[in-house]
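Chain lettering (A, B, C and D) follows the sequence in which the chains are written, and residue indices restart at 1 in each chain.
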Amino acid sequence: MQVNWESIIQATYEKVKDLDDKGVVASYIPELVHVNPDSFGVHLSTIDHIQYGVGHFDVKFSIQSIAKVLSLSLAYQIVGDKIWTRLGVEPSGTAFNSLVQLEADKGIPRNPFINAGAIVISDILLSHLKNPKDDFLSFIRSIANNPELDYSSRIAASEKSAGFLNVALCNFIKSFGNIHNDPSDVLDFYFDLCSLEMSCRELSELFLFLANNGRHLSTNKPILTSSQCKRVNALMQTCGFYDESGEFAFKVGLPGKSGVGGGIVAVHPNQYTIAVWSPKLNGKGNSYKGMRFLEAFTTESQLSIF
Amino acid sequence: MQVNWESIIQATYEKVKDLDDKGVVASYIPELVHVNPDSFGVHLSTIDHIQYGVGHFDVKFSIQSIAKVLSLSLAYQIVGDKIWTRLGVEPSGTAFNSLVQLEADKGIPRNPFINAGAIVISDILLSHLKNPKDDFLSFIRSIANNPELDYSSRIAASEKSAGFLNVALCNFIKSFGNIHNDPSDVLDFYFDLCSLEMSCRELSELFLFLANNGRHLSTNKPILTSSQCKRVNALMQTCGFYDESGEFAFKVGLPGKSGVGGGIVAVHPNQYTIAVWSPKLNGKGNSYKGMRFLEAFTTESQLSIF
Amino acid sequence: MQVNWESIIQATYEKVKDLDDKGVVASYIPELVHVNPDSFGVHLSTIDHIQYGVGHFDVKFSIQSIAKVLSLSLAYQIVGDKIWTRLGVEPSGTAFNSLVQLEADKGIPRNPFINAGAIVISDILLSHLKNPKDDFLSFIRSIANNPELDYSSRIAASEKSAGFLNVALCNFIKSFGNIHNDPSDVLDFYFDLCSLEMSCRELSELFLFLANNGRHLSTNKPILTSSQCKRVNALMQTCGFYDESGEFAFKVGLPGKSGVGGGIVAVHPNQYTIAVWSPKLNGKGNSYKGMRFLEAFTTESQLSIF
Amino acid sequence: MQVNWESIIQATYEKVKDLDDKGVVASYIPELVHVNPDSFGVHLSTIDHIQYGVGHFDVKFSIQSIAKVLSLSLAYQIVGDKIWTRLGVEPSGTAFNSLVQLEADKGIPRNPFINAGAIVISDILLSHLKNPKDDFLSFIRSIANNPELDYSSRIAASEKSAGFLNVALCNFIKSFGNIHNDPSDVLDFYFDLCSLEMSCRELSELFLFLANNGRHLSTNKPILTSSQCKRVNALMQTCGFYDESGEFAFKVGLPGKSGVGGGIVAVHPNQYTIAVWSPKLNGKGNSYKGMRFLEAFTTESQLSIF
């Protein structure tokens, strides 16, 4: 099928740009508020090498929880399906119930995209990587052929200073025996992962391997097996947006992942990735304009997976 | 892409048929136990008019909760997006938490595929149909071009005699004001819907409209709009298998719906539907062999949507 | 110790009478709203035969949940400690969690004073009494030497018409097997029990056996054994006021039981009972002025059990 | 009333001593297991200066959570009723739900005797005491006229090494803003408090002020006001035994507090205190023989408060 990406994206961008943005910038991480709240960028990358961006698509932002897909991918590559003995693959049901759910499930996080699950993934990586922080960075730089990808020490420090809830989560899981390293080491690494910064263009390029059956687009080398890639996509579909995951599948119809920095990346298997960024968040913690853009985009392009 | 459906289905069927079936036949509805526990049938229907069945694909069974997709479809057709003021589109998170969740969400069921949600859908249909039981039957018979589809009064009566939990659910929702009709009328209709019987062949044919953008395959008349169809598929993907929905997306990668009668139907948008039936259920209430078959089938055929 | 009951009660009554009553009359049972919201009565009965009332102490009102102490007493008398295989003796923790708690505890109500527990007690009585409604009335009439005690069919009918939550509770418990009779028979009897009407004077006289070691004050015949009586008092102390039970122990320091009709009865073992009635309820469902009166009364008289 | 304490205690002790003890010694704090599991001591102190002990009543043990009554008393003395803006007075309902409950109640612990509540009390003391650890020790030494009371640094260190759940709790409460000091300082102080060691004799003497209207028995100086004393007793009655508090009120009928070291202290207002110690715990975390002894003791002596 021949899609005129450019005109669809351009038209959708124009329509959403001027919407009255009901969202608010995340404030629980002090540093995150120092962002231009009206930023709005979109970038598409297809496996046929089409690239198209509008707005602030080249401005770096804090990808926050989107990094959970990347840390899962590296852990999955290293450990394989054994990671599922330490966490599940089911939606968590509600926004803030991670602690409740952990109590019921005895320290086994429901999935890798809630904080509890990503903390366990961090613990797994810590046990397997020699220099966790450097090795992880090498991993994503090599996927993206992009040596400029980096952490923000400013954001990481800010998160550490306010991360009491994550300290609680990590120690709670440790009390069930499902954290093997020292909780403060695990949290340090976790906060570093969340502090990754990149632009919409860089983000959509970085995620292309998930639209390409787990393979590096230019070298065709496998990063994940085909089956692992499908499973990561399935997890993004069912668990990528906290308790708005159902809504996202319902309205957008693509696997995706959001972060409280206002970024969203979505993947159409075998076709394309699209990254959106707008910092004001809706009540569920997902980018208000980002959600609206993607809904309009898949409606217009008729390119949801459903 | 040219797929040799026949050989993939045949080979997968043979492989799964002789697995040691760890499941048990549902017993909470007394009548359901009167089934041959070793039944195992599969039937595929493509939008290109390919039909292929193996095993007991022509034996009628109780589709149970699979009917929830059909009652949702009719309510969605009649009322449109206004139904979402009365129930949500999010996964419920756990198997048995419907009552807990209803308490937290003040009588708004999490989605149309948990019992609470299907009861609200029944209430909506009751308010809009003249002869609910007959009208619903006409609806599905016309979709399937199959005048033989019917309820089982034996199964319905059996469920009524043991349906205390559903009586509790319906009255609990009523206490929040989200049931408009008399609870016993709502429950009678609900139990009738659950008692529908059909074969794998009939089931896969009936669901073809969801693989065909909401349109009747032979007449091309719309049953649902394209957008409604995508949304029903998305809901099956995120909520179709209780608290095994994530697992199903992860391992099978298709929208689908299961029932405690041991049936599962899955939809590959724009391609095909496949129905599986084997009465023994795993610990989550889904057909043990059915799940195993579909996992092997999409792995083999490389035809998940992810 | 010589206490000048009369002056303490009179002074406390005057002080509380003119408080700005922040409460509201219960409205979920339609008939309950037809009460004079400014009613306020108090009556004390001691085991030394002192009787003293002020205000509307001779006006009958709907005792509602206070009846749960009486149905527990009769069931305890008939069945003995075996009743504790069907319900617990622990506070429930929160106001509205009866359904949540029942789910976690598999149909075993936390205590006999939450609705779920009182419904199980009704079921037990139904299994043991020949003419439940008449036999129960005879039981309380004989305790009180008062043939005028009676149900209100008007209140009972009103409750039945709006009792969806109790229908939900009873059927939910039945789904766990902890209701042995037909749910609608159990509920009919339960609603009758809740409809008992009496005045503060009658109520304080009726409860005197619990201040008298379980014995009828005039005949000295045992209604409960001494140990059973202590246990009923202990249950009132820990569970008598829903999720305000701790607060009541903390501020008033007496075993007691409240009802949504605005009545409260409290028992000082070996000394006295006191009944208070004022229909406007605080946010926890307990009489606003009643709580205030009893707090001031035990502070003034220095007669809490602690 | 003239009670022959000696013979009742002696007889009850003999009866309970040889019971088959179904309990197990607490193991979650590594150091606690180094105790003689068959230790069993009882000591009574009355406000009439009667003292009577049997068994290992003079062996020091780790009082653990019993210290929560003492830290509450000091905080209540210093801050008064304002402490109730930071925690509640209601039973928590279940054993392990502190995290669940904190989530629902936004960081306000249900009562001062669950861990979450005692951690908030520790935080309050930290804000008001110059040398918290020393000042608290002075407080209890002066109450007891006993300069030998002391912490166990060995136990405190052991608890710190394994206290992940308490670290989780403290940081979780901090995330709601209800901890004002640094979480690790609060936890250090909290673990010190829990490490107090004393014998049954010392424990029953130390608690006598709660049987004496809040006053020091020998000097008659107030430690708590009469009203504060009643309230602390009421809290022990409703919340002193985790989710066995109802059971304790029901079977023993006295305010009391238990610790996982196997100690229990109970208070009969205006009469006596009794301390029991036996390290093996029942399934709810309370001393198996201790509970049995107190039940038999109050049944025999007819001296429950109910």
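Please note the rule applied: contacts are C-beta pairs under 8 Å (C-beta built on N, C-alpha and C of every residue); 3 or more make two chains touch, one makes a residue touch a chain.
Because the structure is a prediction, the values reported are computed rather than measured.
Asks: Measuring centre to centre with C-alpha atoms, which chain is farthest from chain D?
Replies: Taking each chain's C-alpha mean as its centre, the farthest from chain D is B.
Asks: Is the number of contacting C-beta pairs greater for B-C or for A-B?
Replies: Taking the two pairs in turn, the one with more contacts turns out to be A-B.
Asks: So the centre of each chain is just the mean of its C-alpha atoms; given that, what is the distance between chain A and chain C in Å?
Replies: Chain centres of chain A and chain C, defined by C-alpha means, are spaced 55 Å apart.
Asks: Whole-Å distance, chain A centre to chain B centre, using C-alpha means?
Replies: Here chain A and chain B have centroids separated by 31 Å.
Asks: Using CA atom averages as chain centres, what separation in Å is found between chain B and chain C?
Replies: Chain centroid spacing, chain B to chain C, equals 47 Å.
Asks: Among the residues of chain D, pick out those that touch two or more other chains and give their numbers.
Replies: Answer for chain D, listing residues that touch two or more other chains: 97.
Asks: How is the touch graph of the chains shaped: line, ring, star, complete or other?
Replies: If you draw each chain as a dot and join those that touch, you get a single closed ring.
Asks: Identify every two-chain combination in which the chains touch.
Replies: Touch list across chains, by label: A-B, A-D, B-C, C-D.
Asks: Per the contact definition, I'd like the list of chain B residues that touch chain C in the complex.
Replies: Residue list for chain B touching chain C: 96-97, 99-100, 102-103, 164-165, 167-172, 174-175, 183.
Asks: Would you pull the chain D residues touching chain C in the complex into a rising list?
Replies: The touching residues are 88-94, 97, 101, 104, 110-111, 226-227, 229-231, 233-235, 237-239, 243-247, 249-251, 253, 255, 269, 299, 302, 304-306.
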